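Both of the next two complexes hold chain A, though its partner changes from chain B to chain C.
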Partner chain A sequence: MSETEKIPAKQMLRDVVDMVYREAQEAKDRGEPVGWSSSKFPAEFTEALGLKVVYPENQAAAISAKKGGQRMCEHAEAMGFDNDICGYARISLAFADGAECEEKPMPQPDFLLCCNNICNCMTKWYENVARMHDIPLIMIDVPFNNEKEPSQAQVEYMKAQFKAAVEQLEKIAGRKMDEEKFNQACANANRTARAWLKACSYLQYKPSPLSGFDLFNHMADIVTARCKVEAAEAFEALAEEYEERVKEGTSTWKYDENYRIMFEGIPCWPVLRTLFEPLKEKGINTTAVVYAPAFGFVYEDIDGLAKAYCKAPNSVCLETGVEWREGICRENKVDGILVHYNRSCKPWSGYMPEMERRFRKNLNVPVVSFDGDQADPRNFSEEQYKTRVEGLFEIMEEEAAKKERV
Partner chain B sequence: MYTLGIDIGSTASKCLILKDGKEIVSTSTVSVGTGTTGPKRALEEVLKNAKMAIEEMDFIMATGYGRNSIDIADDRMSELSCHARGAVFLFPNVKTVIDIGGQDIKVLKINSQGMLENFVMNDKCAAGTGRFLEVMARVLEVEVVELGKLSKQSTKEVNISSTCTVFAESEVISQLAKKTEIVDIIKGIHRAVASKVAGLAKRLGVEEDVIMTGGVAKNEGIVEALESEIGKNIRVSEYTQHVGALGAALFGYKKAKKKK
Partner chain C sequence: MEIKNLLAKFKHISDNPKEMLDKYISNGEKVIGCFPYYVPEELVEAAGMVPFGVWGGSKKISLAKEYFASFYCSLAQMNLEMGLNGTLDKLSGIIVTTLCDTLRPLSQNFRVGVPNIPFLFLNHPQNRKEDFGITYTKEIYSELLEKLVKISGHSPSDEDFVNAYNNYNESRALRREFVKLAGKHPDKVSAVNRSAVLRSAYFMKKKEHSEMLKELNELLKKEEVKEWDGVKIVTSGIMVENKALLEILDKHKVAIVADDVAHESRAIRVDVDLNEKDRVLALAKQFANQDDDTILYDPTIYGRPKNVANLVKESGAQGVIIFMMNFCDPEEMEYVSLKKELEEEGIPMIKIGIDLQMEDFGQAETSIQAFTDVIDF
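Let's look at the complex of A and B:
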């Protein structure tokens, strides 16, 4: 392809996610089994077995962003699920129940892949779907990491579960897993992760060649397609584009970059623009999001793979969580932190007060929080959010003026 | 040089005129806030009190929940910075500002240079705010301004939940049905507000001097309950309801000086 015909990385990334869902639908139409998977289930196994898988968390985020979240949540509530339960879970349970959903259709599941590294609500959510559809649920249980590194016993526990999962998946696929294909899937996953980390690393440039909000959208690929070579290629293209932008002095953030912040937590998908606008107006670029370290995992062997899947935002101890965040805050030179207290995600929000305290102490930057929800718009107040962002901006202004005086 | 601070909250509109960034010339308060005639009436009143015209103002700074609805304002700032600045003007050694507004609670941390360093606010729930007190006063059939005085007469405090305004209201009703003394219920309500606010304040760390701002600070029962919850003395200015407007006028003065 000539230089002039080069497809923008953003388009490539979108095409990859579309491909995942399209291929799953095609498989379903052919009568092949299609799975639903939690976002951090080892996709290497299904990829090696050629099983098509779609991702309810990604689907729920897309539905929410297209304003269907509340309708789906209310459907789940009418089924008897409490409004305190994760919004993604409610949306997915509503979809599994057959609720009409034009925002992001996908095939209904024939089997389920649940790894509770991402959260424990996931287990009950998937158990409910399994019962509703009377289909197999393949579970990988990840104990909470109360130490920084998983122990060898934990690695062995994970590997034993991998073995059992592969046996179950082989039955579903009707074939044995090919070792070579598995190695290729692992190689692809590592290549994708490296490219993703590289793309994220451009946030360290000042001014940044990208808005951190871009990464919220690109997350879809690292979740749904990390074992696919197309995802690796798209992220490599994205990193190249950022490299170009650094050289040219341009950015996907088209506004002033007066200040740089970390946005903590999953964004409020139904009101993404509302989140973005006050930041844009004040020239506050988001240059740190926790997804880079959380999903950019590289490993060398099966033990490394087991360890990698032990680590997700809600399965690591406070110390690791703080280390991840403070690392990207320092690298990406943030002036403040905006914390989303996500009503959908109690484990994530639960340790935030202590994290906030540590951020203030260790990073010496203002930390401001707001209430919201990743999927249910009823839990967000625009005015409250705006006031908090303005407050954060005014403190950063004062801090900058103080530094100038010194 | 005259600067005008306009603080439009959810339940009250407050204005203050400041001379040369030092002298408070006049104030006004109207007990309705954004979206009502309150802002206009408060503005007319503050000018009338000062015997001045709007044209004489060198800078108009709006703050509060309704700040964006004030068209005549030269600029706008959040109530967080304005409360901090106003509090530092009145109490130069302030380190912690607690403001209970109509529908939010703010705790501000002030650094040694008198700058706003950090803040915490309530979540998306009105428990513990001015509105909470209004609801309770209505159920008890007393005026909200009388709550402080009445709580002084209490001999026995009753426990009222602080988690939800609606449930707290039901608790108050059931206490009334049990013929519990109104003054004891009021004391319990004050404790409920204080424990909610103290929980937020402790998250940020409470350092003296502690200043309370906003209309609720006029309620000595709340101030007392809060002092007991945080274990520190709380100071309140006679301008407590105008601290936000004062801060806005001070920021306005700074901007006006820069312009000249």
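Let's look at the complex of A and C:
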């Protein structure tokens, strides 16, 4: 292909996710088993075994972004699931129950891969789906960490679980895991993670060559395809594009960059445009999102792999969570922080007030919060959001004026 | 002592945990607070200290709001509140677990918000049954024991472990027996008193509690079983201890003949095997054998709802009242399967939303009354 015909990275990334879902459907059509996986289950094993897997969290986000979240949540509520259960879980349970869903169809599962580094709700969510479909559930349990590094006992526990999971997966696949293919999957995952981190690192440029909201969309790849070489290539292409933009002085953020903020939390997918509008109007670019460090994990060996999967936003201690965020806030030179209190995510929002205090003290930037939900639009108030962004903007203006006077 | 006097004694202790705490402290004993769920209290006792259950209990929630938004269960918020407002200051340590999504951030909020009380972190595994799960549990229990020994200055001998395990096994057995006896004699043991007997165990040395309970159980065994002119039910939930709520059950002659309550029977199902000479391993195996709880991963996938249905059949109950703790994800996530199982078995059930701060039970009373009418019909 000639240089002029180069496919934009954004398209490449979209194609990779489409490929994951298409291949899963094709496998299902051929009568092969297809799995559902939590977003940070070690995909290296299924990739090495050639098992096709789709991702309910990614599906739920896509359904929500296409305005199907409320309908699916209401279906789950009619089944008896309470409306304060995670919106992703409700959407997924509704889909597992056969609720119609044109926004993001995917095959129903033949086996389940649950890793509760994301949350404990995941355990019960997958148990429910296992019951509904009478299918095997492969469980990798990650006890919550109170220290910055997992203990060796936890690493050994993780490795033993990996071994047991592989044995179960081999039975499902009907073949043994090939060591070479496993090594290749790990190499791909590391390459993807490096490329992802590199792409995210361009947020440090001032002005930024990208809108941080772009990363929310690209997360789909890091979740669904990090062990695939195509994902690594697409992120490398994305990093190259950002590099070009830095040289050219252009950006995917088409507005003034008066201020730079960290957007804390999972975005409210049903109202992404509504989130974006006041930021755009005020010239506030998002230059820090915690997904960069949360999914940008590189490891060298099986111990490293085990440790990497111990570290998800909801399984690390408060100090590590603060460190991740303050690191990207400093690197990417933010002027303020906008915190999403996400009704769907108790573990995430549960240490936000303390984090807010630490951000203010350690980073000396204004922090403002709003109430919302990653999937259920009923838990979001546009008025409140706009007022809070306005408030954050005003404080950042005052702070900037103070700095000028100095 | 007569049944009613013994029950009054249990009730006094259940209503006044601070008195017990002060008594132990003034005796020069060290007391360790134990948050929900599955804290191996035996280790605390073996290390020469008094385990003390901390399952809510503050009158209001205000300081904890600085740490939690509104959508967190009142149990977690109250526990944090009591740390922040000084109620727990006399404790020599506090054991905090992480088996649900609210306990995860609670552990961090408590550690940083209440720095004056030694913080003892315990992160149980969910894959607890396999050898690797048991090994991991043993490791974290050993670490916990080490920290407890540092606080007490007493490294337990084998005899200390055996004594503690015997005390706890005996206490669990007596409480299990009491649950059955209370179910047989609702005319003698009201729902309020049943709760008080079980709840007081969290605030007493198990040996002391057992001495009283042994006497009560013996007296109950001698009582003639009278035909109950009300209804018999199984309760299900995290906690069912609000007196106003229990008084409604008593008022409408609703007898609790068995329970699937985390604070009650779920906590006393499994004993420690004294034949296992590796004493910490014995405790790890005890945790491995815990099952049928919304808080725990169920590798059989189908176990817990069936267990509740069986409980109804075995106890002769006519229905189930699910007391749903507001904002409790694990209970809410398991509700649908439980409802389905009970419906398939033809067991009537209702769900009543509660939290530990609740004062107005008007709606709950109407629901309970309607439910008893349905059962009676």
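Worth pointing out:
To be clear about the criterion, the second predicted complex is superposed on the first by the 406 of 406 C-alpha atoms of A that agree within 3 Å, B and C clash if a C-alpha of one lies under 4 Å from a C-alpha of the other, contacts with A are read in each partner's own complex, and residues count from 1 in each chain.
As a working rule, contacts are C-beta pairs under 8 Å (C-beta built on N, C-alpha and C of every residue); 3 or more make two chains touch, one makes a residue touch a chain.
Quick caveat, the model's predicted, so the values are computed rather than measured.
The superposition on chain A brings chain B alongside chain C with room for both.
In the superposition on chain A, A:Tyr341 contacts both chain B and chain C.
Within the superposed three-chain model, A:Gln154 lies in touch with chain C and out of touch with chain B [touch as defined at top]. Contacts of A:Ser201 after superposition: neither chain B nor chain C is touched. When the two structures are aligned on the shared chain, A:Thr274 is found in touch with neither chain B nor chain C.
Within the superposed three-chain model, A:Glu394 lies in touch with chain B and out of touch with chain C [touch as defined at top]. In the superposition on chain A, A:Val368 contacts chain B only, with no contact to chain C.
Contact with both chain B and chain C is seen for A:Pro353 once the two complexes are overlaid on the shared chain.
After superposition on the shared chain, chain A has more residues touched by C, the comparison being chain B against chain C.
Put simply, the three-chain overlay gives an angle of 70° at chain A, taking C-alpha centres for chain B and chain C and rounding to the nearest 10. Touch criterion met: A:Leu318 reaches chain C, while chain B stays clear of it. By the touch criterion stated above, A:Trp125 is placed in contact with chain C alone, chain B being left untouched.
Taken over all C-alpha pairs, chain B and chain C come no nearer than 5 Å in the superposed arrangement.
Once both structures are placed on chain A, chain A residues 341, 353, 371 are touched by chain B and, in the other complex, by chain C. Contact residues on chain A toward chain B in their complex (touch as defined above): 341, 353, 356-357, 360, 366-369, 371, 379-381, 383-384, 387-388, 390-391, 394-395, 398-399, 402. Of all the residues in chain A, the ones that touch chain C in their complex are 79-82, 84-86, 89, 116, 119-121, 123-125, 127-128, 130-131, 137, 139-141, 143-146, 151, 153-154, 156-157, 160-161, 164, 314-315, 317-318, 341, 343, 346-347, 349-354, 371. Within the complex formed with chain A, the residues of chain C that make contact are 66-69, 71-72, 98-102, 104-109, 111-113, 121, 123-127, 130-133, 135-136, 139-140, 294, 297-299, 301-302, 324, 326-327, 329-330, 332-337, 339.
Note for the complex: chain B touches chain A at residues 65, 77-81, 104, 113, 115-121, 123-124, 203.
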